[in-house]
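Letters A, B, C and D mark the chains in the order given here, with residues in each chain numbered from 1 onward.
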Amino acid sequence: MITDVLMFWFLALVVLGSGLAVILFTNPVYSALSLVMAMVGVAAVFVTLGAYFIAGVQLIVYAGAVMVLFVMVLMLFDLKRETHSFAAGKISGALKLISVGLFAGLVVGGIVMSQGYFVKENEKSLGAASATQSVNTVAGSQTNLNVVNTDNTKVLGTVLFSKHVFGFEALGVLLTVIAVGTVALARSKGGTHAKH
Amino acid sequence: MDHSLLMAILLLSPLVGFLINGIRYKNPTANLSGGIATAAVAISFISSLILVADLIGMPAEARKIHVSFFQWMAVDSFKINAAFYIDQISAIMILVITGVGSLIHLFSIGYMHHDKGVTKYFAYLNLFVFNMLILVLGDSLLTMFVGWEGVGLCSYLLIGFWFSDKEKAAAGMKAFITNRVGDAAFLLGMFVLFATFGTLNIQEMNALAPTTAEASWLGAITLGTLFLFIGATGKSAQIPLYVWLPDAMAGPTPVSALIHAATMVTAGVYMIVRLNPLFIVAPNTMMVIAIIGALTAVFAASIGITQWDIKKVLAYSTVSQLGYMFLAVGVGAFGAGMFHLMTHAFFKALMFLGSGSVIHAMHEEQDIRKMGGLKKYMPITHMTFFFGWVAIIGIPPFAGFFSKDEILWMSFHSPLGSPALWVLGAIGAAMTAFYMTRLMCLTFWGKSRVPKSVHPHESPTLMTIPLIVLGILSVVGGWVGIPEVIGHSLGDIPNLLEHWLHPVIKPIPNLTEAEHSMEWMLMGVSVSLATISAFIAYHFYVKSPETPEKIANSIKPLYNLISKKYLVDELYFGTIINPLINGSKRLWMFIDVNFIDKITYVISDLVRGGGGVVRALQTGNLQQYAMLIGIGIVIALSIIIMR
Amino acid sequence: MQSTNFLTEVGLNHYLILSALLFVTGMTGVLLKRNIIVMLMSIELMLNAVNISFVAFSKYLNNVDGQIMVFFVMTIAAAEAAVGLAIAVTIFKRFKEINIKFFEHLRG
Amino acid sequence: MLLSTILFLPLIFALIVLIWPQDKTIRHVAFGLSIVEFIISLIVLKDFDASSAQLQMIEKHMWIERFGIQYFLGVDGISLWLVLLTTFLTPIIILASWNSIDTKIKGFHAAMFVLQTAMLGTFLAIDAIFFYVFWELSLIPMYFIVGIWGGARRIYATIKFFIFTMIGSVLMLVAIIYLMYLTQQASGHMSASLLEFYKVKIPFVGGSILNLQSLLFFAFSLAFAIKVPVWPVHTWLPDAHVEAPTPGSVILAGVMLKMGTYCFLRWVIPLFPDAAEYWAWLFLSLGVIGIIYGALVAMIQPDIKKLVAYSSVSHMGYIIVGMFVFNHFGITGSLYQMLNHGVSTGALFLLIGMIYERTHSREISKYGGLAGVLPIFTIFFFIITLSSIAVPMTNGFIGEFLILLGLHKAQPVYVYFAVTGVVLGAAYMLWMFKRVFFGEKGELVKDEKHPLKDLSVREIAVLVPLVVLVFWMGLFPNHFLDLTKSSVNHLVTNKNKYYLEIKE
């Protein structure tokens, strides 16, 4: 038990630290590297939550593909001089920070205040999960499945290709469109504002 | 032959002529186009002859040929058929229209021979005849109105026939718009009568007309007939809407003969005669008609004395003679009105054609000061014009004498008339004799003032034949209506016209037995007045040409006023037309541009001002937008949580 | 509220708070950074934060749908990153500049 | 299915035109398609039962059940001819724009077809919300037609046009929603169907504007009055006409203005009979003012198109007057005048467009003597002028006469003012005609090097159907009136308890 707890705190530290690093570094390359760190941390968080497949995808897609993309684009630009990394307006900067802070406070406060709600809702399932670790359903629904054991991935696949198959296909179309669109965008010479 | 077929031929033959000539409007050959057009009208004339012959064959009380082609319009209780009927009144009209019409068409072939637009001209002329026939034959006021506007339209086209001349185009427009004023009143009259009788069918209305006279000025029939009469003042050029007719002389001369002398301008008189059972029960209207008619007769004749343009003289003469017709119908002598209408059609058409012949010979010169002594160059024209002259000034036994005398007698004798009207009529007759003699003297007699460059010559046969025919008609035309008093003393010659019209004309109420001695006396007075003034005119313009100038100089202001047509045109422009145009400009600037649009601008400025305030938020900074979203979320979340 | 030791008993709330803080971090980046690419990175951070929430809920509500959502979100995120970067490349080609301060064409 | 077909076919045509690969043949395709649409609409005429005042050929499906909004189409004697006018004018307009529209041809024809759908929808829809959709939809293609292919000040004109019409429609939407709410109160379930609206009895108290029926009446009337346009909210019309391209002007004058007047007959008068009767004096006065004002202002316009635009204000004044006398003559006359105005003013704009293509000017003072140069053009223009000034035997006379007759029957006082429009109408048209066609050749006409060409075969083909219609409608009005008779009769006799039955 204590390892789980320690693990959580460690990962939380890593994730938040590298997240902060992303925005605090002035050199975007460092930011990108910090982002990789954060991604890996998030993947690890997924593992602690038992979502192994998602964790794997997270590593492959984010830490792999997306980050490579970022870094490659960064390499395309020559971005050594980065004097003003933050937006400078005093009032608007302050406003932004205040709003971010308020937002954080509200969300966290909300979560803390709503604890009773979640606990009440989940008392049964949490208790059941910790006690028997067996398949349990909350409301008798077919799709509410045990998330703890390793056939989790299989269940995930079943649900993905049965209940959410439309969304899946739609995403496929979307990705195709995106692929074409990206190529088109990158090829164009500056769109409608192009100087000829 | 079947009546409806004949009627269709009568009506459609000119229309077909119009369509044929209309399609080949660019063709410059006068003989062919004129031939087609004349044939079309001649066919109409023949079929109207057959129809009238049939009509004569019927018993006197049942003389009526009614043909309905199709239902034109039907809305609720308002039903109008495309139906036409010939009775004793319209029989005279169709004979005059198609008969005189064919003669004038014939004349036009010669007159318009060299004009490039000759085919178009004949097309218009045929269209005019078609519309005139509809006007005359229509069995309801609305069908009549169709022809009424149609002839106005043709008149517009023909007055402005030489449209490249601005003045002539303007004259056409003036004619149409002045007529429109009358037409608007005609519409109102129709509305009032429809509201009263529930029908616009002329026969039905005549049958429904009450037997007792309506005393009130605002009674439905008085109001309706008054409006119709205003319509008639437009079409028949009476005070106050006569102004277009003198200007209408801008058209080709045969047009003036056909439209502005013989047929169209008499439509108003004809309409009143056709509706005589209605008019006779509205004595107030009758009074107005008689007064306007008498005034117009004198007023126009006085202007005629001072004019130098041969056609203008004839135009004012026409206005004046139309005044006589209205005087006649105004005092209830509908038969006399129709009679004068007919004789006037003969002699005035003759004089217009004669003037056309003169103008043709003088190479488009219309100023009578540059004529004189044309008698020896143009004997036939002179001879026929002479017949017209004696007819119009009322020398017995020529056509004008009988009709004019009957009008004057009735204006004195009828209970609707008065001695004052007779006096006006007699003065008018004297003036007529004066200016007509003046015209004769200056044009045909006396010394020649023709410029050297012009070589007058007699017109070709094609033009003289109609003149001769009309000349004969001017002489004998009056014999169909010899007044009873003369007929009696000559051995019981019947008044054919009066007998013919008797079944369709309502008698004048309270008409007393005529005193023959009085009638003879008045006749003598008017004829001697006319003779004397004709003699004076002859003396002035042939014997001592300098006298009229002296007289004119001695009464210079009055003379100038009259020769400038009493400044009526200027008055209308000054008080109605120009203020209307300037007022409209101001109205537009004030209401549309400065008021309504201003209001919208004020509103739009308000909106724009408001937008300017909000605009500051749109910095274009992406992150600021994101921040605003963030703030929004914060607010929304706080509301959700705090609640 | 149950009396639990905040430090020793890790529950749903911990994950949610972690997620929230990460989200806020990302948001700060989006709002304050000037480099378009770093802004895109921050967006990725925000999306990841949401993913954490999803997976956490998935676990504690015993419902696999949450993980499906994560799957979708990742796809979208990848697509968004691709398009975003393509736009960034195009902008850079056109203006030789990727500082957001220079792109205020929407100013009213 | 017939009505749905003619309603949505143009939308499909718009798509076809948009994806048509060849630029050269697009006009031919669009023209052919519009003819197809016209022929199909003739089937409506054939199947129409003239003896019945009921709503015919209805199509009714639930659209949004919760609010009782339906897909509901139907035609009766009041809308029949307007539908046909729309389908009749479209091919003519496409043919007329053959040369004048030379940029973005695809877009133009697509906009035209979308506009056709919108206008047909306005005439056919019996459901308030469904109607409102089309009412607003019609603005959009028009906005583009004026805004893209228009003259120099087109942006100003489009915005003015858009905002004027929009202001009215917004209030109407509120009124529609309120009526829907009333139907719920009355019958327990909400409905947007016009037939349900008719059944609602809306309380009315005379003497003040602040009662429910009057308020709703004005909310609707404002929207329609702006569209008509009734004086004094007419100022958008001259600007829109002057800046619009020829096809835009034709469709605007020919059909779009009729949407306003038609809706008065379909919505305002039957829905709010008491208020309509109570406030009739207002609309009669505005109508008469419009007649006279439009004519006076038309007279002094230096621009031909503006002149015709103001003449529209005058003619639309007649239509308004005819509707608010509530008798057979007036309403029949109004319906007839709508068609007349569509034909004759449409033709006038076409003719002006043709001469504009040749000289690129609409300044009256620069013309003169055209009759000698362009005889065929002159003949056509003259015939249409006659129709416009209501000379008997042309269509204009029938409408104007019936309206004035009805006005005299109901309110004799107004007719003495209205009748001046007859004179002024002739005055402004003939004065313009004189200045443009007669007299000496003006500066645009006398250019010897580039003589003006008379009408081409295509242009004659555009005008001949209209001229035929001018005379047909003038000589045989019964052919047209017979089909509207029952509906008008029904409206006049049951005005205060109006209802419409559905013909199965």
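Here is the rule we use: a contact is a pair of C-beta atoms (placed from the backbone, for glycine too) under 8 Å apart; a residue touches a chain by one contact, two chains touch by 3 or more.
From a predicted model like this one, the values you see are computed outputs, not experimental measurements.
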Clusters that remain linked by touching, chain B excluded: A, C | D
Which of A-C and A-B has more C-beta pairs touching across its chains: A-C
Geometric centre distance via CA averages, chain D-chain A, whole Å: 60
Length of the line joining the C-alpha centres of chain A and chain C, rounded to whole Å: 6
Whole-Å gap separating chain A and chain B, where each centre is the average of the chain's CA atoms: 96
Distance from the mean Cα position of chain D to that of chain C, given in whole angstrom: 56
Where chain D touches two or more other chains at once, by residue number: none
Touching two or more other chains - residue numbers and ranges from chain C: 27, 31-32, 100-101
Residues of chain B engaged with two or more neighbouring chains: 621, 623, 627, 630
Pairwise chain contacts under the document criterion: A-B, A-C, B-C, B-D
In the complex with chain D, residue positions of chain B that touch it: 25-26, 70-76, 78, 142, 145-146, 149-150, 153, 156, 160, 163-166, 169-170, 172-173, 176-177, 180-181, 183-185, 187-188, 190-192, 194-195, 580-581, 583-585, 587-588, 591-592, 596-597, 600, 604
Complex interface listing, chain A residues touching chain B: 87, 92, 95-96, 99-100, 102-103, 106-107, 109-110, 113
List of chain B residues in touch with chain A within their complex: 621, 623-624, 627, 630-631, 633-634, 637-638, 641
Chain C residues touching chain B - in the complex, by the definition given at the top: 27, 30-32, 100-101, 103-108
Of all residues in chain D, those that touch chain B in their complex: 160, 163-164, 232-233, 235, 238, 293, 296-297, 299-301, 327-329, 332-333, 369, 371-372, 375, 386, 391-393, 397-398, 401-402, 404-405, 408-409, 412, 415-416, 419-420, 422-423, 426-427, 430-431, 433-434, 437-441, 475-478, 481, 485, 489
